[in-house]
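Both of the next two complexes hold chain A, though its partner changes from chain B to chain C.
On to the complex of A and B.
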């Protein structure tokens, strides 16, 4: 029997922190978006596509480079790790063969860090990619799940809650799509396509059951995030007179 | 009349933005998605039921096995009999054939000018691509010259090519634009300004002040008028008009001119 657990700010474990997203926040940049979950806020700016790829990159495809700028201090190893994870995630959602031999630069600037930084950055970068107009095969929504000692899973923990957890995992899922095709064709095997996983980064030790439990919670939350992102993108579609 | 000519081109251009022409089997009409906002990943057309129909896809859509999916966020549009595209507004431009754009010269080579048209790659403008152009009378464009040009080749992976004359070889207003003021905006605003019938912001401004305007489908707009204050008024009014409806644009223009008279 699960006892009711309330988090520090009064949320239930299944509730996400308040989300805000705005696109086209920076004037001179080709595309930008800011995303905040609770107190964590990240701004992503995108330049591109620009001609030419970096040395050693595949000329048949577009190249994505990510620069992560922390709130204070110099970029170090954690920033390099974030850059690599973000780059791999964005490469899997972009259609890279539409603009071959080009480079798109994604610059992520942390405005405030209250944990769940990587999911916030992924969400912001995805919204910024839509703002620039880079062709995507689907959107990505990211969520952070934490596991406490008793095996209980909490969604979207803040820094205070993170200290009490034994492990947490960042999950990135594809968004839920509208389709004219019948439901079955969207399934791969037995699973619905939107239940696929794009990225998963874990910190700390957790059992396999805890991980699967996190995946389940994460998927449920990704549906809500998808709906939020869709509504946000639709409201900024200019209406033609 | 100038608006008419450009708007005709604009209507042709939108559907010419097919990256591929496809002959596919088509099926039940996806009427549920037409004129709706779509996001990347949405599947809007099922091709297994269409039979012996040709569908033309414009920007923002691509073929994924037996279905057509969306790759840019925007509004799905349909034009009879068989053209689908996603209308969206960006700050950058994707070059398409037969678009009229405003480019800025960044370099000149022996046989080409390199022109920036806000796309992924620099465009080439051959030095002979002018009316009556020969090796003897090559125009001398300095770096930074603003040109009104036409895109003739826009292939994936290659630099686009431009021409400074129309299909019959006449100059027809293409070429360098002197004086005036150029500002950058989004491709959506440029399409609205080039729409037919003439959009209400231009009609409203035309009633108050006389001016000359060149709109590039890549999001650049050039305005010229007798006095600098008129140029600034017209430019500011156009920049502010992007997300307003026809009536709101009219009201905004009236308030701009009232404020100006009060100064």
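On to the complex of A and C.
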């Protein structure tokens, strides 16, 4: 049927690359985290909240500033775009009214780029925000999906795999909810609250149905990623005894 | 909703303009409940769009696009270049988007708008991903030279002087200037770029003694002894043309084609780019406090489909007007 059923490193199309996440990796920084998916590794460092906002920003809300440092070379237009997407994504998950008139700086440093850079950075920044202790209303879980010519969807492609694809999509979802409330209150219309999309960036051309398949696969993957995050972030809480 | 807020009493007495500035969300809410927007449009309708091709006479291709008050001017200049070795039969396109201070009070001479590089990159990604321009068409003589499309500001006319010194260097420079920023910047910029490409005519070229490719202007063609490589000016064939629509998601409402005021108040934007065969070229949602569920996404895509038909008609009309001249 489909010859590309096994990816270069022997994964099935539904498997993510090996994930590692560690918090508090840098000294003298208010909060930091590193996240790697396969060979892509990103470190996020956060300073803040510091007093004062940038000129022209809303004084009643906290301001988030993102600086993206690429692995090599100067910061150019792609970096500015990543900064803007990351900033708007983080603004939507933070509770901005709690610390008005402050600035939180998020510095993202790319250590290694083997594709899925933006999702990695979003996951790393989220973990770093948890490390700093900034109040969030939910976490942002980011995933990359690739679409092959025949319409088949592959999760988390690496650079080699990406070249064979006609399109790929970066999706960011809120994390899945573990709650004592009854099921119905968590639904909005027919859909579970955690299936809403925070951000989406696509490259390449695909049909609308392909995109909707990517959304479904992305949601399923985000549930797995949320479970991973929950386990990882909980285990590092220091005990009080 | 009206109970605990102090403005409840004032709203009856305040002037509309003051209310609009002080309580923008409430102002919009009042309109949206009646399914209408402050400028009188229904929620799903885009603003009036006009296109004028050939706005810049000195450029090889140009267009002026207006969506409501948002105005974009795109101009294309062509220069010869030696193609890259890894793709010897392809030209290239460089797109640049500028927001000069004329476009908005938010942009001042010392502080470039932060939206400019982002939209610039989005535009080049969209035009390249959609495959609307076949890069092989930009080739003059296979392997020898190709046209590279540059988007470049009109002011740099002295670039023409450099062309003579550069060897086989042809670049298609596409420059898009925002003349008035009133929301939906990406839509207007994409429309103006596509219209400029459809207006573009590749001029006649020939090889001179050293094997360099030179552009022949109209009168030169008769005088020189060199054979022109291409007999007449030709146009690029554009395959499926991408068109876009930006929508705002606010509570349960979807507002198509926002103005700058709507964008600043309700921040969640989603831009859908579909090409003329309704394939999805891009679905861009950069964060935002409102989560997009599948039903909302499908509504946005349906609105964009409708818009693609409108824009196609407008582009065809503008092109047929050009041909009549």
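What we mean here is this: the second predicted complex is superposed on the first by the 237 of 241 C-alpha atoms of A that agree within 3 Å, B and C clash if a C-alpha of one lies under 4 Å from a C-alpha of the other, contacts with A are read in each partner's own complex, and residues count from 1 in each chain.
Assume contacts are C-beta pairs under 8 Å (C-beta built on N, C-alpha and C of every residue); 3 or more make two chains touch, one makes a residue touch a chain.
If you're wondering where the values come from, they're calculated on a predicted model, not measured in any experiment.
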Exercise. Mind working out whether A:203 is in touch with chain B, chain C, both or neither, as first, second, both or neither?
Key: second
Quiz item: Which holds for A:180: it touches chain B only (first), chain C only (second), both, or neither?
Solution: first
Exercise. In the overlay, answer first, second, both or neither for which of chain B and chain C A:99 touches.
Key: first
Quiz item: In the superposed arrangement, does A:130 touch chain B (first), chain C (second), both or neither?
Solution: first
Quiz item: Just chain B (first), just chain C (second), both, or neither: which does A:84 touch?
Solution: second
Quiz item: For A:36, is the partner it touches chain B (first), chain C (second), both, or none of the two (neither)?
Solution: neither
Practice problem: Please indicate which partner A:215 is in contact with in the superposed arrangement: first for chain B, second for chain C, both, or neither. | Solution: second
Quiz item: So, does A:167 touch the first partner chain B, the second partner chain C, both, or neither?
Solution: second
Quiz item: Which residues would you name on chain A as touching chain B in one complex and chain C in the other?
Solution: 174
Self-check item: chain B-touching residues of chain A, taken from the complex the two chains share
Solution: 30-31, 48-51, 95, 98-102, 130-133, 135-139, 174-175, 177-181, 186, 229-230, 233-234, 237-241
Practice problem: Mind listing the chain C positions that touch chain A in their complex? | Solution: 106, 114, 117-118, 120-122, 125, 129-131, 267-268, 270, 275, 278-289, 291-295, 297, 301
Quiz prompt | Residues of chain B touching chain A in the complex | solution = 19, 28, 30, 32-33, 37-46, 60, 62, 64, 67, 69, 71-75, 87-92, 94, 120-122, 156-157, 188, 192, 195, 199-200, 242-243, 245-246, 249
Quiz prompt | Residue ranges of chain A in contact with chain C within the complex | solution = 56, 76-78, 80-81, 84-85, 87-92, 167, 169, 172, 174, 188-191, 193, 195-208, 210-212, 215
